[in-house]
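Worksheet for the structure shown next.
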Amino acid sequence: MSAHTAVGGRFDTRAARILLALALVGLAVVVWRFAAGLGATTGLSNGYPFGIWIAFDVVTGTALACGGYAVAILVYVLNKGKYHPLVRPAILTSALGYTLGGIAVAVDVGRPWWIWKVPLFFWRWNLSSALLEVALCIMAYILVLWVELSPAFLETWEKSDDHPKLARFSKKARPIVEKALLWVIALGLVLPSMHQSSLGTVMLIGGWKLHPLWNTPLIPLLFLVGCIAMGYGVVAMESLLSSRVFGRKSETAMLGSLAGAAMITVGIWLAVRLIDVVVRGVLPDAFQATSYAFWFWLEIALAVLPVLLLLSKARRRNPGTLFQAALWMVVGGALFRFNTYLSAFNPGDNWSYVPSIPELLVTLGFIAAEILGYLWVVKRFPILSGEPARRGGSTRPAHART
Amino acid sequence: MALDRRSVLKGAFAAGAAGVAGVTGGGPARAKERAEAPADAVGLLYDSTKCIGCKTCVVACQDANGLPRDTRLDPLHDAPVDLNDRAKTVIKLFRDDDDGRVAFFKAQCMHCIDPGCVNACMLGALQKREYGIVTWDPKRCIGCRYCQIACSFNVPKFQWESAAPKIIKCEMCNHRLAEGLEPACTTVCPAHAVIYGKRTDLLAEAKQRIADHPGRYQDHVYGETEGGGTQCLVLAPSNVDYTELGLPALGDEPTAQLSRTVQHTVYKGFIAPAALYGILGFVLWKNRRQEAVSQSAASQSEGEEDRS
Amino acid sequence: MLDLGLTPTNLKDEVLGKGLDRRSFLKICTLAAAAVGLPASAGKLMAEQAAKGLKPSVIWLSYQECTGCSETLLRTSHPQLDELILDLISLDYHEALMAPSGHLAEEARMQAMDANDGKFVLVVEGAIPTADGGIYCKVGGRTALDTVQEAADRAGAIIAIGSCASWGGIPSSPPNPTGAQGAPQVLAGKTVVTIPGCPPNPYNFLGTVLQYATFGTLPALDEKGRPLYAYGRTIHEHCPRRAHFDAGRFVQQYGDDGHRQGWCLYKMGCKGPQTHAPCSVEQFNEVVDAWPIGLGHPCFGCTEETLAFKVPMHDTVQIDRATPPDTYAPIHAEQGKASPLAAGVAGAVVGGVVGAGLMAAKKLGSDAPDSSTDGED
């Protein structure tokens, strides 16, 4: 296996500046949201109390951050060591994605000054609440992710000449972390299994307000399998982009075989989705001329498409095809979650919801912050593996790239 | 014996299938978890045929609960169009322009026997407290608004315009009950269309009215069983369905039954997650040991090659 | 007509002399009691007191006034009632109505105050100027400030009749060169019942006096000293045109269809929503609709210090304590905020992301596929 290395190079590039601008605009809107209240800044209402900050930033965002989980299953449970180079970047994406998802929750809730009570006041826990379980698991998982990622930081810091105290601390801490890592990784497999499935259960309480095509007791299974598929998709996209952008050898071969695992996952999702709809007798709803039918078939199409794209082995070697297939998996999985929380939720036809522009700016700001965080860490710490591309590859020198 | 992919996947599928079976097939388990109405449960009986639509209850409720007038849509009048942050009760009019049927409906919290909002609330800010009244505690609420998703009657309302928002909903004037008074709405209603009492008494009264006046009312009392039963009951005129008054057509299963069953089945006693953690820990440990063994074997053979 | 002496008169003779029998007299006392919200039994008690000749002494001081408030007391549609009203009380000093004048009038006043010290009812009509030592109103060489202070110190009850005496009225309108103030402001620290209005309906005044005469108590007052039985509600809250307001039927200009049909005058600047007064219920001169709104003119808020002679006649005012309209919320009211612009932007963002992804896919595909890093497959 190749060693992990920091990409190096300038952080202050044009792209970084644009991302920073987006993130700062998002931050400004967040400040305004706390000063002026949610009504003034969002398109939320009593009919639609959950909007894109929940449906996208939290529910979809954390699923996009499931790369770490999905790859960990392959590498640590199924013992497929060849995927190991994918682990650290995936965990980094997960750590950033979940941390920002947690911050998104703090921005969305109306009375965030009591958030600290959620993990601490265990005697008040309402164990029937799916949302509580999601909240507790996510809080714990954020900690787990940063611990899982810590070896990358500790490795760098212990060699630091400028900060001797930090170096000493890191030297002491690293062996402890590495010894415990096994149990941390196991936790990092249990926690997402719990909350990613429960994110689906959360919406079941909507009752008649959740459209029958999504209102199924199997929704936790669909959310879980879906997030694993999305995880593979994100990992593949990230790997392909990073290779090109940082001028490293692409990991196409490894991704090609990862595609096999992804296809199986998507296949399971498709099977469960369709069988569930048929068995529960709601298939006729999918043939009504409604927006619900449209969203349902779009989900199916976005699941079928990547499977078709990846069927041929030759196709699986093409980075462009791999990227596209991964894109569809990610978009399709995101759409399913988005639909469960928004499109399929109807409190009454007299209600409507469209995210306000400030709401969109905050979401974009979170995404920009995540990418920015990724770039910063990846350039300074040994996250990515693989060697620089051979001369025949990219035409621009590595350090000048974004 | 090496734990290979096949056996792990098999085990995972088995566990998943068991979980699904438990969720969908857990009949007796479900019934046991349902809440019953407390013996001293109180409620309201709203008789739509007696209501004259004067809206005195709306104003009295605002005064009793310290809520400002809602002049946002109509600066000249107190005119909430729905329950909101300034109206814990509201009078709505059903009118059918084709056949001229008209009926009033008084909306407020139904104080369900097994409420969706109580099930949803993470730290129990919404809970059934004395007399089964569902009340909200500001010290436990983080403003996540999950209760709004959970309520089948779309009752809890959020103070969107506030920087320190609360959840606003009828709490049966429990501050007045504590002083031996009745809720404000029942106190001021000039037609006795909405009355207060013990749920058992109100249900009996409602059924009596149906029996005493054949053809006047819909043939069942809304709230007797809907959503697991509600403490606020409604009587509608015989020619207007409850759904036309805006009340959802619910079966007798509580709103949160499905999600609660899924959660409890999977997480009962925390057995499944703990077991999963144990299994995964074992698998990871085994894999690491295997790797260490194969690595040392590889370096050994290398060393042998070097030596040879 | 006025009796300067203070010996009790035999009302019975007077009453019967006027051709009214006992029963009618009792009826009138009951009416008077009912009009001011006193119980029916009070009417009987009043008649008995009056028959016994126990009439409260009333000292009526007039300052910066137009005498409209005195006139209002006399304006009834029953010719004999005005005399009866004056027979239920003993009006011992009133510059417009008393027979004596000059020094004799002043002597009468002092005598009345001496004989009823601590018991008489002091009525103040008109505002009291305070600028330059109060020289802008002098009676008998003494300033209003002076005389009202003296009388107030010796009165059993103080009533300020009319807006001028209640808070300053017309004389106090800006720029108020005489420094005109109402009695409560000048007599700080004393309980002053105020009966604002320009003029007020006589029963507003009469009820207070009769209650004091019959029971020795003053009625419940609001924070401005106004009796709640008369000033507890706004015109808007008991206006005969209220149904038009609730249904949204407004006069848009004088003489239009709505005006002819008697619609609500809110948009014409009616100050009813903020004016506490019973004019809508009592009207004036006991003639139905003999009050501004009844005649088709918006109320101008004559009882309210913040409105009368300050806010332009046709400016609209806010509704305090709004109440529900004549219309109803539908079962499902359209709500939620859906801005088409935001929808467009959201769609553009999603489209942009997917588009960028597809472009990236294309670019990656067009690169020559790199050979694999570690030879595995």
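Things worth noting here:
For reference, chains read A, B and C in written order, and residue numbers begin at 1 within each chain.
Everything that follows uses one rule, which is that a contact is a pair of C-beta atoms (placed from the backbone, for glycine too) under 8 Å apart; a residue touches a chain by one contact, two chains touch by 3 or more.
Since this is a predicted model, take the numbers as computed values, not measurements.
When chain centres are taken as C-alpha averages, the shortest distance to the whole-protein C-alpha average belongs to B. Distances between chain centres, each the mean of the C-alpha atoms, put C farthest from chain A.
Judged by contacting C-beta pairs, the busier of the interfaces B-C and A-C is A-C. Distance between chain centres (mean CA atoms), chain A to chain B: 30 Å.
Centre-to-centre spacing of chain B and chain C amounts to 50 Å, using the average Cα coordinate of each chain. The mean-CA centres of chain A and chain C are about 68 angstrom from one another, to the nearest whole unit.
In chain C, 332-333, 335 are the positions where the chain touches two or more neighbouring chains simultaneously. Residue positions of chain B touching 2 or more other chains, listed in rising order: 82. In chain A, the residues that touch at least two other chains are 45-47, 348. Interface of chain C with chain A (complex): residues 332-339, 341-343, 345-346, 349, 354, 357-358, 360-370, 372-377. Put simply, chain C touches chain B in their complex at residues 245-246, 266, 319, 321-325, 327-333, 335. Of all residues in chain A, those touching chain C in their complex are 1-2, 43, 45-48, 52, 82, 237, 240-241, 243-244, 249-254, 256-257, 317-324, 327, 331, 348-357, 360, 364, 386-387, 389-390, 392-393. Within the complex formed with chain B, the chain A residues making contact are 34-40, 44-47, 49-50, 76-79, 81, 108-112, 114-115, 117-118, 121, 124-133, 135, 182-183, 185-187, 189-190, 193-194, 197-198, 201-209, 217-218, 220-221, 345, 347-348.
Listed in rising order, the residues of chain B touching chain C in the complex are 53, 55, 58-59, 69, 71, 74-82, 90-95, 104-105, 244-246.
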